[in-house]
Every structure is written in C-alpha cells, then in structure tokens.
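Next, two complexes with subunit A in common: one pairs it with subunit B, the other with subunit C.
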Partner chain A sequence: MSSVEVPWQYSFPPFFTIQPNIDTRKKQLEAWCSLVLDQLKKDKNYSLDVNEAQKSIFSNKEINRKLSLDGIYMVLDELQKRGNLEWKDPKTKKECLVMWRTPEEWGKMIYKYITDKSMTNTVCTLFELSSGDETAGEEFHGIEQWLLIRALKTLENDGKAELMKFGDNEGVKFF
Partner chain B sequence: MRRRGAGVAAIKNKNLAQAKYKDKGNEIAEDQITQMTKQMETFKTYLEDFAAKHKDEIKKSPDFRSQFQEMCASVGVDPLASSKGFWAEMLGVGDFYYELGVQIIEVCLATSHRNGGLISIEELREKLLKSRSKKSQDVSYDDLLRAIKKLKALGNGFTVLTVGQTYMIQSVPGELSLDHTTIIQQAQSTGHISKSQLIKDLKWEEERANRALNYMVKEGLVWVDDQTGSDRQFWFPSLFSANTS
Partner chain C sequence: MNRFQWGETTADHGESHITSQTGVALYDGNDKTNFVGGVLGLTTHRLMWKENYGKSTAICLPLSLVKSLEEQPSGFAKSAKIVVYLQEPVAGQPSGPASFSKYDFIRLSFRDSGESEFYRYFKQALQDKKWEDKVLPPSRPAQGGRHRPGIVGIERSIQQKQKQTDSSINQSFQDLKQLMDKAQEMVTLSKTIVSKIKDRQGDITEDETVKFKAYLLSMGIPNPVTRETHGTGDSYYKELARELASVLKKPIKECGGMMTVTDVYCRVNRARGMELLSPEDLLNACDLFEMLRLPVRLRTFDSGVKVLQLSNHSEEEVTHKTAHVVEENGSLTAEELAQLIGLSVILSKERLLLTEKVGGVCRDDSEEGLRFYPNLFLTKT
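Our next item is the complex of A and B:
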C-alpha cells in the first residue's frame, strides 16, 4: 500500500483483529473508515474490489497481519451506513463504489468553481468538467462520470443546474 | 538500733528539691524552644532570601526546582499550599503547577480515546512539551507528579500508578488493582502480554489471569490480537506509542 499519512493504528497489530469491547471496536472501525477513504482519495480511486483490497489496504505485511473478511465487511458496512459507499451488486458484495466525498460535497465544490469563473448561464459538457484543460488543477478533475452526474443531480435538485443531452454528449447548464 | 523514720524536715527538703528541679527543667525547655524558634526563623529568612535570590533558576531549572521543593518539605513549608501565600507571590510556583495541572488534564483527555485513559509519564511529558510554548520553562517528571498530586483536590479522577521504574497516569475513574498494575509492568518492555505468559511468569491461576485481562479489555485499556498463531495477545496502546516514538 503506497502510504498516505499512515495512522499509528496501521502498525498496531490488534488493529487487524476485530475488538470484542464495543467502545474499542467503535474507535477501531472509525479509524479503518478514515484510513480507507484517505487512501482512495489519495489514489483518486472511486471503486474497491473486496478481494484485492484484502491483500492491499486491509493487510500489513510488515507486521504480518491482515483483517479478516468478516472484519472487512464490517468496515465496508459502516462506510455504507455513512453514505460513503455503495455496492455495485448488493447481492454478491464483491465490488463497491466509494465516495470519499459525498455527491453533495462534490456538487458544492463544482458549483463554487463555476460561480468563481462566472460561468453561470453557460453550458458545458461533462467531459469538459471532468477532463478538460480548464479544470486541470481542480480537485474534481478526473472524477468518474457516474459520480459527476450524481453530484450534478444534487445541484439540479437545488435548482442550481440542469442536466441536458445533445446527441451523444451530455452537458449541464448552471444557474 | 532502731531505725529512724523519715522526718518531716527530710520530706520537706525532698519536695523542695523536686520543685527546684522542675523549675530548672522548664527553664531549660523554654530556652531550647526559644532557641529552636529562633533557629527556624533564621532558617526561614535564609530560605526566603535564597528563594528570592534564585527565583529565576528555580523557575527555569527542573533539577533546581525539585531540590528546592525537597528542602522546603523538610522544614514543613509547602510552596504550593496556597497561590496567595508568600511563596507563590515570591516565586510564582503556585501558578506554574496549576497551569501544568490544566495542561496535564488536556493531554490526558486528548489521548484517552486512543489509550483508554492510561498514559506513560514519558509520553505525557513529550506531548506536554509540544503543546507548551517554546519560551516556557522546562518540565521534569518530578514537576508532573507534583502537579498531578495537586489535581487530587478535584476528586479522584487522576491516579499515578507506579510501574516498575516508571509511572503511568490513569485519567479515567476505574479501580486498577495490584493485579492490573502487575500486568502493565509485565507488558512494559514489549507493549503486549498473553495469558500463558502470566501463568508462566507470575505463577497465576488461569482464572486469575482471565479475570484481570478481561477487566482491562472491558475498560478499554487493552486491545486484543488473535493473529499471533498461538495465544491471544493483549496490547496496550498506551505502551505501544511510547515504544515507537
């Protein structure tokens, strides 16, 4: 695992055993949740494969510890409860979408960018927003389409934007 | 020959002598007391002079401070007893310890989510120094222990546990028995302990080891690790960070 600011718990062996004490477990799950989100955020990664994550993020070879599958699901369920995660297929629970920022947060961020640039009342394509040269330095640059659409939908609900389709392209108009 | 009984004159004489002895005794005792008082007064004056003269050093150097404290204690002066007293005004030491007390509480609270309210004095000092401004005085372990002792005035929230050569500070209520501190001591070098270690090293009954360990899990003082391949290990976050930093 390429490291972010690794939290101290990551080298603390019991961190990889689900704790029997409820309060301690709460702290443990909390730490796991932020570790997962931080790591994916750093890698600009929007999805997680359980099998693969078991070998990377949920294990620490240096101290020879890894979180059990039960433990991993406990962490992921917690993330789902918090609205940071969605299963691609809730039945199999093999892969999930991870939103280290909620769609609302993304929406706000994009809207701020638009107003800062006085681009309200103009139309831009989704491609421009996520991959255009203009947005290269922005945090939402490189955002995956599904998440971008969701973020824009939250703006649409607030009456701040309108999604539109022209031919194969999708675009959005901000108000 | 007929023995003469004690005459009246003899008895009178004896009584007189006794009264005289008593008077003399009182006189001597009084003398001694006045002399002692005088000596103590002189000593106190010297101590005060000394304190005034070395005010800065007392404030700055932890070693000097602890020696000064000892000296004061041996003559029954407690510079911390009141913040309004002569000593506090003279030295400002009262404020120093009160300030320290507040900072200790802050550090203990800030770290308790991690260590369950148990912190080694080394880590406490390190965290404390980090949070204090660079200009403020250096703080010794002795200062910390003194300040914690003063926190007793607020109730029994803070307890100092003697663990082997060093100390740990417990900032959550919850009685730790001798068994528990023994466990901490055993775990001190590695940061963790297992039941079989306790049974082997301390000749404890399994039941005793179980009860003590389970209590510490319940109190959130230890985390369990089931991936050692053998016995479940009990880890102290409070000892772990001290080991790595």
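Our next item is the complex of A and C:
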C-alpha cells in the first residue's frame, strides 16, 4: 500500500478478522470503508478489482495478515449500502466502480467552480471539464467520463445544467 | 503309497532337515499319482513331499518304513528315478493320502534332476538311523500330542485355549471381588468414624470436628446419596443436587467460581468412591440447582461447554478482569490466559469469548491461532 498516512487499524491484527461482536464489527467496517475510500481517493482511482485489492489494500505483509474474501465482500457491500460503490456486474462481483465522492457531491463541486468563474450560460465540452488546462488545479480534474456524466445528470435534475450532444462531442450548458 | 501320512513340515524334536529338491513327482509303484512337481524334503526321520515351499503341510513317510533304495537312471523321455522299497505298513498309523496300495514300493521321479545327490543323502540317512535315537522330549504335556491332524485336533486346541482364558478371567475377577470387599470395609470404617464424631460432639471442640469433617470430605463423601437409599425418582435427584452443592461449593470457589461439568464429574465420582454416578444422573441433578435455590448453578455456554458456577458469580467482574489481563499483556491466546490465571484452557477460552461478547476484547483469527486483543475499535478513536 502506497498511502502516506496509514490508519492505526491497519497494523492492528484483529482488523483483519471480521469481528463476531456486532458493535465491534460496525466500528471495524467503518474503519475499513474509510480506509478503502481514502486510498482510492489518494490514487485518484475510480474502480477496484477484487482480486487485485485482496493482495494490496486488504493485506498487510508487515504483520502477515490479510482480510478474507468474505470479509472483503462484507466491506464492499457496506460501501455499496452507503452509495459509494457499484458493481460492474452484480452477478459476478469481480470489479466495482468506487465513488469516493457521490455524484451529487461532484455535481455541487463542479457547479461551484462554474459559478465562481461566472461561466453560467456558457457551453463547455466534457473534455474541457475533465482534462482541460483550465481545470488542472481542480479536484475534479481527471475525473472519469462515466462519473462526470453522472454528476452532471444530478445537476440536470436540479435544473442547473443541460447535457447536450453535438457529433462525437458531448457538452454541457450550465444555468 | 499307503505308508504316507499327513503331517507338518516343522521338524520334530531331535529331527533335523537334510536336503530338499524341487520338481519331484511321486509314483505309487508303477502308477502315476496326483503328487507331481512338488518339493521333496529329507530329514533325519522322514521323507516329505509338499506342493511348494510355502506350504506347511505335507505327506510324510517315516524312514523307519524304508527297506532299501534303488537308482533308475534317466532314459529317453524318462526322468531319473529313485525306487524306495517299503516295509508293511504299521497298524494304526496316522491317516494318509491313500489307504490301500497294491505295491510295496514307491518311485520318486526327479524331473529337475538332482537325483544322485538326493540318493546319496537318502542312503546316508538310512544308515545313520537317527530316528532310533531315543531323545527325551522336553517336558511337553503328554496329552496334546504335537500333531493331532484333522478337525478334531483343531477343535481340541481351541477348547484348551478357552479353558485357559476362562481360568485367567476367573482369577482376575476374584482379585477384583476381594478389592471390592476391602473397599466396602473402608466405607463402613469411615461411616463409623463419622458417627463417632457425632456422638462425641461434646468431647472434642467444635473446631476439631469441623477440621476432621473437612478431612473426610476431601477424602470422600461419607454417606453418598444412592438409588438404594433415596429411590429412583425426583427425590433421588433432589438429594443428589443437595449433596453436589454442598460438596462442590468450596472447590468451585477455589477454582475461581467456575468448574466444567467434566471436572465436576471426575471429582464427585472420586469422592464417592464405590457409589459411582452416571453422567446422566449428574446432569439431571444439576438441572435442579436453580429450583432448590442452591448456591451453585449449571450454565451452558454458546459453545456448548457446560460449567457449574456459584450463584453469586459475577460475570461483569470476570469480563472486566479478563479484559484487563489482555490489555496488560498486549494480546493473549486462551492457552496463555490459562497459564496466567491458572484456569483450564476451556474455561479461559469461555472467559475470552464472554468478554468478546460484551465488547471487552476483539479477536485475531490467523494461521497462528485465535488470539485476543484489547478492543481498540471501541476504545481508540
């Protein structure tokens, strides 16, 4: 794991055994959830492969512990319940999309950026938003297309933006 | 051929093996027999033929019946033979493969050759007449002759063995009976002592009586509740429960307020001496503790482990203590805890599980085993 600040739980051996006590387990899962989200956020990663994660994020070689597959699914299910995670294929449950920020939160962030720059009533392409030079310093820079669209859709529902299509390019107009 | 008799290949006393030859067929006079291609053996006493080396039974011809030998050299399509001229069969000899023969000689056909060597040895053996040497057999019981061939012989040997086991079993049970008689005496003795103490309550001080009673109790239960004294129904279990509670109160306290039912079973039965309790009776009696308001309770853990504990046994205290011990040591397995607090491993594990249940500790289940840690999930933020 390449994170800079590791939570104390990560080097606490019981962290890697799903606790039978319900209260304890709740705390444990909470810790796991924030650990996973923090890690992905740090890496600007939007998807997670269960097999890969089993070897990286869910194991600690220093204390020779790893979370069992059952445990991993328990954590991921918990994330799904909170709306941070979606399975790419709910049947196989091998890969998932992880939204360490919900689409609503992203939408609000983008809208704030637009209003700060007083770019309402202008049209910009999705490419400009996610990879353009102007947004380079913003947090949503580098956001994956599917998530960006979902974020903008939430704005569309609120009547703050409108997605449009011209040719191959997709654009958005903010109000 | 009628001089042959069934026998075993093992050498009799004073008999020794001389030589043997494979691929030998027997002829009854001039006639072929079914005894073809076997192993012919020669001992100082007998001539033996068996099917192959592995067999332990053979047909045997006592050398004493041999009159003379004659060699017949091999010819075209004819293997070399030794003609053995025989005397008249002895009346009452053991049974053999043939009961009648018109010849008074047999022929040994050496199909794998080796006849000349065998002839030499055979002749030598006949000259030596070793079978006439009177060797006193070692003190073998006269009755069970070495080979008593046939089913009768086998039956007889089985019967003999049975007799032997019978007698040894009888002997050992006699010992046991004596022991039981002695034990009964011991029980009566202890009873008289108890009654004497009761009678002399005035003579000795209260202190001494109490002390002496304690001794008796640690040795055993002087008046165990039995089915004979208390019938078979409820009253038996009730009395048994009372007895158990009074006997076990102290030892349970000494063990830290809890004792597994297996331990209880062993202790109680040791104390009762001859009047052993069945596990079922013990459990039935334990079930009555609560109803009789006795100071001991039966408790079953989630894991199925049954224990007896004092009714004033405080769980909170135990879990609190256990959590404290775990915290002091960083982490503990059930075995380590057992060593630290001098409790059995089973009970230590139950304590840890109980503490886990109330959130005092948390577990680390790895290849190295189940280890318990202080519950930092709840205490550390």
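To be clear about the criterion, the second predicted complex is superposed on the first by the 174 of 175 C-alpha atoms of A that agree within 3 Å, B and C clash if a C-alpha of one lies under 4 Å from a C-alpha of the other, contacts with A are read in each partner's own complex, and residues count from 1 in each chain.
By our rule, a contact is a pair of C-beta atoms (placed from the backbone, for glycine too) under 8 Å apart; a residue touches a chain by one contact, two chains touch by 3 or more.
The structure displayed is predicted, hence computed values, not measured ones.
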Both complexes share subunit A, so when I overlay them there, do subunit B and subunit C fit or clash?
clash
Of the partners subunit B and subunit C, which touch A:83 in the superposed model: first, second, both, neither?
neither
Of the partners subunit B and subunit C, which touch A:19 in the superposed model: first, second, both, neither?
both
Taking the superposition as given, does A:27 touch the first partner, subunit B, the second, subunit C, both, or neither?
both
In the superposed arrangement, does A:11 touch subunit B (first), subunit C (second), both or neither?
first
Based on the superposed arrangement, let me know which partner A:65 touches: subunit B (first), subunit C (second), both, or neither?
both
Which partner does A:142 contact after superposing on A: first (subunit B), second (subunit C), both, neither?
neither
26-34, 44-52, 134-142 or 170-178: stretch of subunit B that collides with subunit C:
170-178
Both subunit B and subunit C contact which residues of subunit A?
8, 12-14, 16-17, 19-21, 23-24, 27-28, 64-65
Provide the residue numbers of subunit C that touch subunit A in the complex, in ascending order.
331, 356-357, 359, 362-366, 371, 373, 375-378, 380
Parts of subunit B lying in touch with subunit A, wherever the complex brings them together:
113-114, 116, 192, 217-218, 220, 223-228, 233, 235, 237, 240-241, 244
For subunit A, which residues count as touching subunit B in their complex?
8, 11-17, 19-21, 23-24, 27-28, 64-66
Across the complex, what residues on subunit A touch subunit C?
8-9, 12-14, 16-17, 19-21, 23-24, 27-28, 31, 64-65
